[in-house]
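Each of the next two complexes has chain A plus one more chain, namely chain B in the first and chain C in the second.
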Partner chain A sequence: MKRSLRLARVLLSVQYAYMLEYRAEIALWALSGLLPLIMLALWSGAGAAADLSLSPAELRRYFLAAFVVRQFTVVWVIHIFEEDALQGRLSPYLLQPLHPFWRYLAAHIAEQATRVPFVLAIVLAVWLLGAGASGWPPPSTWLLGLLVTSLAFLLRFLLQSVITMACFWSERAAALERLLLIPYLFLSGLVAPLEAFPPGLRRLALATPFPSMIDFPARLLSGGEVDLLGGLFTMAAWTALLLPLFLLLWRAGLRRYAAMGA
Partner chain B sequence: MGRYLRSLGAFWSSSLAMELEYQLNALIELLSVLGNLAGSVVVLALFYGRGHDLGGWSWDEALVVLGVYTLLDGFTSTLLQPNLGAIVNHVRTGSLDFVLLKPIDSQFWLSARSFSPWGLPGVLAGLALIGLAARRAGASPSLPTLLGTGLLLVCSALILYSLWFVLAATSIWFVKVWNATEVLRSTLVAGRFPVSAYPPALRTLFTLVLPVAFLTTVPAEAILGRTTLPWVLASLGMALLSLALSRALWRYALRYYTSASS
Partner chain C sequence: MAIIEVRGLGKSFRVADKQPGLGGTLRHFFARRLKDIPAVRDVSFSIEPGEVVGFLGANGAGKTTTLKMLTGLIEPSAGAVEVAGFRPFRRQASFLRTITLVMGQKQQLIWDLPPLDSLRVNAAVYGIPEPEARRRIEELAEMLELGEELRRPVRKLSLGQRMKAELLAALLHRPSVLFLDEPTLGLDVNAQVRVREFLADYNRRTGATVLLTSHYMGDITALCQRVLLIHQGRLFYDGSLQELTQRLAPYREVCCDLAAPYPPEAFAGFGELESLTGQRLRLLVSREQLTATISRLLSSFPVLDLEVNDPPVEEIIGRLFREGAVG
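This part shows the complex of A and B:
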C-alpha cells in the first residue's frame, strides 16, 4: 500500500513536470475542444431550445458543462502506445515491475492538471459573455459532477485501451481510434443534448457507453435532473465488461510482441 | 519547374506503394468517411426536422455546405495530414537537417512528400454530395458557375493548406505541437454548417480571424450560383495573403531552427 502510494506520487510528479514543459501545446489542445461551444451557438441561433424542454439558460449551462467534461476526458493513449510499441520503447517499460498502462494513466492525469488554468479561463470568458445569467448549481452538485467526470474519464481511458491492444496485431492501429471517435462524437451528447434525438436514435445512444462519457456527467455538472444511481450503474456495468476484456487482450497481445525497432 | 513535377511524381508513387501495404486502412477510412457523413446529416436533420433552418439556408443548400466540408476533409487526409503532421517529428528528431540540405525548396518537400490514398473516399463522397444536393437545390451547372466554383474551391484549399502549414511551422519553437493539427481539424468542424447560422460575433470571427467562411460557405454559394464578385475577390485575396504568410513564417522560423540536440 505504502509502495503504491509512493509510486503514484512519483509517477504523477514526473509526468506533471514533463507536461508543464509542453504547456503551450496543451493550451492549444484546450482550444480544440470548443465543439460544444460551437454547437451551443448553433442551437441558440436556431431558436431550437424551446422544442427541447430546456430553457435557453439550461441549454447554455448544458453545453458549457459538456465542454468542461470533454476537456477532462481527453484520451490519447492509443497514439502514444502505438509509437512506443513501434519504436521499441515499450520493451524497457515491460521490464519494470509495473504495468505500463499505469504510466500512461499518470500522464493523462498530469496533462489534465496542466489544462486546468486554460479551461478555467475559457469557462470564465463564456460565463462573462452571458452563460452565467442564471447562476450556478450548489457546490455539492458540481463537486459530484466533477467526481463523475473523472469516472467518465476512466471509462473512456479503458475503452480506448481495449482498442489500443490492436497495436500488437497491426502497425496502424491508431486508425481505429478514428472509427471510435464517430459514435463518441455523435452519440455522447457533445453535439446535441440527448433530448433532441428522435426516440429510436436516443434508445440506440443509450445502449452504448458513450452517453456515460459526456451526457451523464455534463447533466450532473449543470445541475439538471439525472438518474444518479442508474447512471453510475451503467458506468460500472461497462467497466465490468471492458476491464476483463482489456486484461485478456493485453496477455494475448504481449505474447505476440516482438520488440520491433529496439 | 520540370524538376519539381518529376519529384512530385516520384514522391507520390513511392508513398502510394508504401500505403498500399496497409489495405485494411482503406476499409477503416471508408467506414470513417461514411460514419462522419451520416452523423453530420443526422445533426443537420435535428435542426431541420423541427422546422428550424440554419441561417436562412434550405436543407439541400446546407447539404452542399456539408459536401464542401467533406471534400476538404478528404483533401486534408490525402495531403495535409500525412505531410504537415510529420514536420513535428522532423524537428524533434533532427531529420529536418536532411530536408534542408536537399537541393529543392524545403517548404515544397515538406508539403508534398507524402500522399495518402485513404483520403480519396472523402473527396469522392464530398463531390457526390455536392452534385446531388446542388441539383436538388435547383442549381444550374452553367460554365461561369463551374469556373467560379473551381476557382473558389482552389482558394479554400490554399487557405486550408496555409493554416495547416503555419501551425506545423510553429513546431520549430514548440517542438511538440503534437496533435496541434488535430486542434485545427476540430476547430474547423464549424465549417460543416453555413456561417450565417452563427451569432454575429462568431460570424465575424469565422470570416476574418479563422477563415472558416471562405473554406466552405463561400464555395457553396458559388455552387448554388449566388456568389457575388466582392466575395470572389475577397476569397482570392485571402488565399494569396495566407499563402504569402505561410511562406514568410517558414523563412522566419528557419532562422530559429537549431537542430535537435545530439
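This part shows the complex of A and C:
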C-alpha cells in the first residue's frame, strides 16, 4: 500500500511537471471546450429555457456545470497510445512492472490539475456575467458533484481505453474515437440537458454510458434533481462491463503486438 | 545452468501483400491478401550466467526480433524461450525486475524533463526505496561520468549524454540480464569507448549476463568472447569470436610501405590486392601462403615497413554475407 501511494505520488508529480511544460497548450485546450457555454448562449438567446422545462437560472447553472464536468472528463488516451505504439515508445513501458495505462491515467490527472487555473478563470468570468446571479448550491453538493465528476472521468477513460485496444489491430484506431464523438456530444447532455430530450431519445440516451459522463454529474453539480443511487449504480454497471472487456482485449492485443518502431 | 535457453525459436509476421498502382490498390481494398513473412527460424542457443555474448547479423537478419522475444515484448510463433527461469511473454513482474532492454534508437526518458525525474519514476515503479535509489544513481552516474547532465532536460543533452542517461535508467533496478540493441548507435568514437568500458565494468562488478547487438564491431571485440551469427532468421554460428575469425577468415592482411610506387598489376600472384594508396599496399594472403608470400614480397620490392594483421571483423562478416557463404 505504502509503495503504491509512493508510486502514485511520484507519477503524478512528474507528470504534473511534464504538463506544466505545455501549460500554454493546455490553456488553449481549456478554451476549446467552451461548447456548453456556447449552447447556453444559444438556448438563452432563443428564449427556449421554458421548452427545456428549466428556469433560465437552472439552465445557466446546468451549462456552467456541464462546462466544468467537460473540462475534467477530457480523455485523449487513444491518441497518446496510438502514437506510443507506432513510435515504439510503448515497448519500454511494457518491460516495466507497471501496467502502461497507469502512466496514461496519471498523465490525464496531471493535465487536469494543470487546467484548474484556466477553468476557474473562465468559470469566474461567466459567473460575473450573470450565470451565478441566481444562487449556487451548497458546498456539500459541490463536493459530491466533483466526486461524481471524477467517477465520470474514470468511466470515460475506461470507455476510451476499450476503444484504444483497436490500436493492436489497426494502425489508425483513433478514427474510431471520432465515430463515437457525435453520439457522445448529443447523448451526453452537452448540447441540452437530458431531461429536455423527447422521451424516446431520452430512453435511447440512457441506454448508453454517455449521460453518466456529463448529464448526471452536471445536474448534481448544478443542484438539480438527480437519482444519486441510480446514477452511481449505472456508472458501476458500465464499469463492471467495460473493465473486464478492456483486460480481455489487452491480453488479446498483446499477442498481436509487433513492437513496431522498437 | 543456463540463464537464457532458446529452443527452435521462430517468429513470422503477417503482412499485407499489395501490388503497386491503382489496380493493385483497388484489389487490395476489396480483397486484402496477407502473407506470412518468417523473421526468425528455428533458432536455438543457451547462455550461461555472466556471459557477454555478441549477436551479429545484417539489417533484417532477425536480431532485434529475437531480442524482442527474449524480453517478452512479442510472442514467439514457434519454439520455447526461458530467461532466468521465466517464460518471457508472460511478463511476470519478477521477470521484468530481472531484465532490461536498451535500444539505441529508442528512449524511455521523458523528453522535456531532466533524467532525474524519469529516474524517480523508475525507482518508484521498481519499488526501490528512495535512499537506496539515490545511492544507486550516484554510483551509476559516477561509473558513467554523469553529473549536472542529470538535472538538464533530456532534449538539451547530447546524444552520448542521453545514451548514458538511458543506460542509467535501464540499470537502476540492477537487472541480472541485459539485452542491448545497438547501444552505441550514432555515438562518436569517444562516447562509444566510454559506453563499452562502462558495460564491461558493470559486467565485472555485477556478474550480469549481456546479450548485445551492434553494427560496430568494436563493441563486439571489446566486450564479447562469444558471438551468435544470424542471417535471414537462421542462426549459423555460435562460438568464440576468435574461432569465427579463424574459421571464416583463412587469410591475413599484409600491409607494406614501399620505397617506390608500383602499378597494381605488379602484385598479381601475391594474394588479393585490397588497396594500393600511393606507396601503401594492403594484401589479403591465405594463411598457408603467408610465409612464402612475405619472402617473395621482400625479395621483389623495396619494402620499408611490413606488418601482418587479422583483417577487421566487420570486413570478414561483410565478405561472408556478400559471398553468400551462409545458409
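Here, the second predicted complex is superposed on the first by the 262 of 262 C-alpha atoms of A that agree within 3 Å, B and C clash if a C-alpha of one lies under 4 Å from a C-alpha of the other, contacts with A are read in each partner's own complex, and residues count from 1 in each chain.
Note that in this section contacts are C-beta pairs under 8 Å (C-beta built on N, C-alpha and C of every residue); 3 or more make two chains touch, one makes a residue touch a chain.
Everything quoted here is computed from the prediction, not taken from an experiment.
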item: Contacts of A:R255 with chain B and chain C, given as first, second, both or neither; value: second
item: Partner chain(s) touched by A:L185 [first = chain B, second = chain C, both, neither]; value: first
item: Which superposed partner A:I38 touches (first chain B, second chain C, both, neither); value: first
item: If touched residues of chain A are counted for chain B and for chain C, the larger one; value: B
item: Touching partner for A:A17 - first (chain B), second (chain C), both, neither; value: second
item: First, second, both or neither for A:P92, with chain B first and chain C second; value: second
item: Which superposed partner A:E195 touches (first chain B, second chain C, both, neither); value: neither
item: Partner chain in contact with A:L28 - chain B first, chain C second, else both or neither; value: first
item: Contacts on chain A seen with chain B and repeated with chain C across the two complexes; value: none
item: Parts of chain B lying in touch with chain A, wherever the complex brings them together; value: 22, 24-25, 28-29, 31-32, 35-36, 39, 42-43, 46-47, 49-50, 52-55, 174, 176-180, 182-183, 186-187, 189-190, 193, 197-199, 202
item: Sites on chain A touched by chain B in the complex; value: 22, 24-25, 28-29, 31-35, 38, 41-42, 44-48, 51, 76, 79, 170-172, 175-176, 178-179, 182-183, 185-186, 191-192, 196-198, 201
item: Complex contacts: residues of chain C adjacent to chain A; value: 13, 64, 68, 71-75, 91, 93, 96-97, 99-101, 103, 105-108, 110, 112-113, 117-118, 120-127
item: Chain C-touching residues of chain A, taken from the complex the two chains share; value: 3, 6-7, 9-11, 14, 17-18, 21, 88-89, 91-98, 254-255, 257-259, 261-262
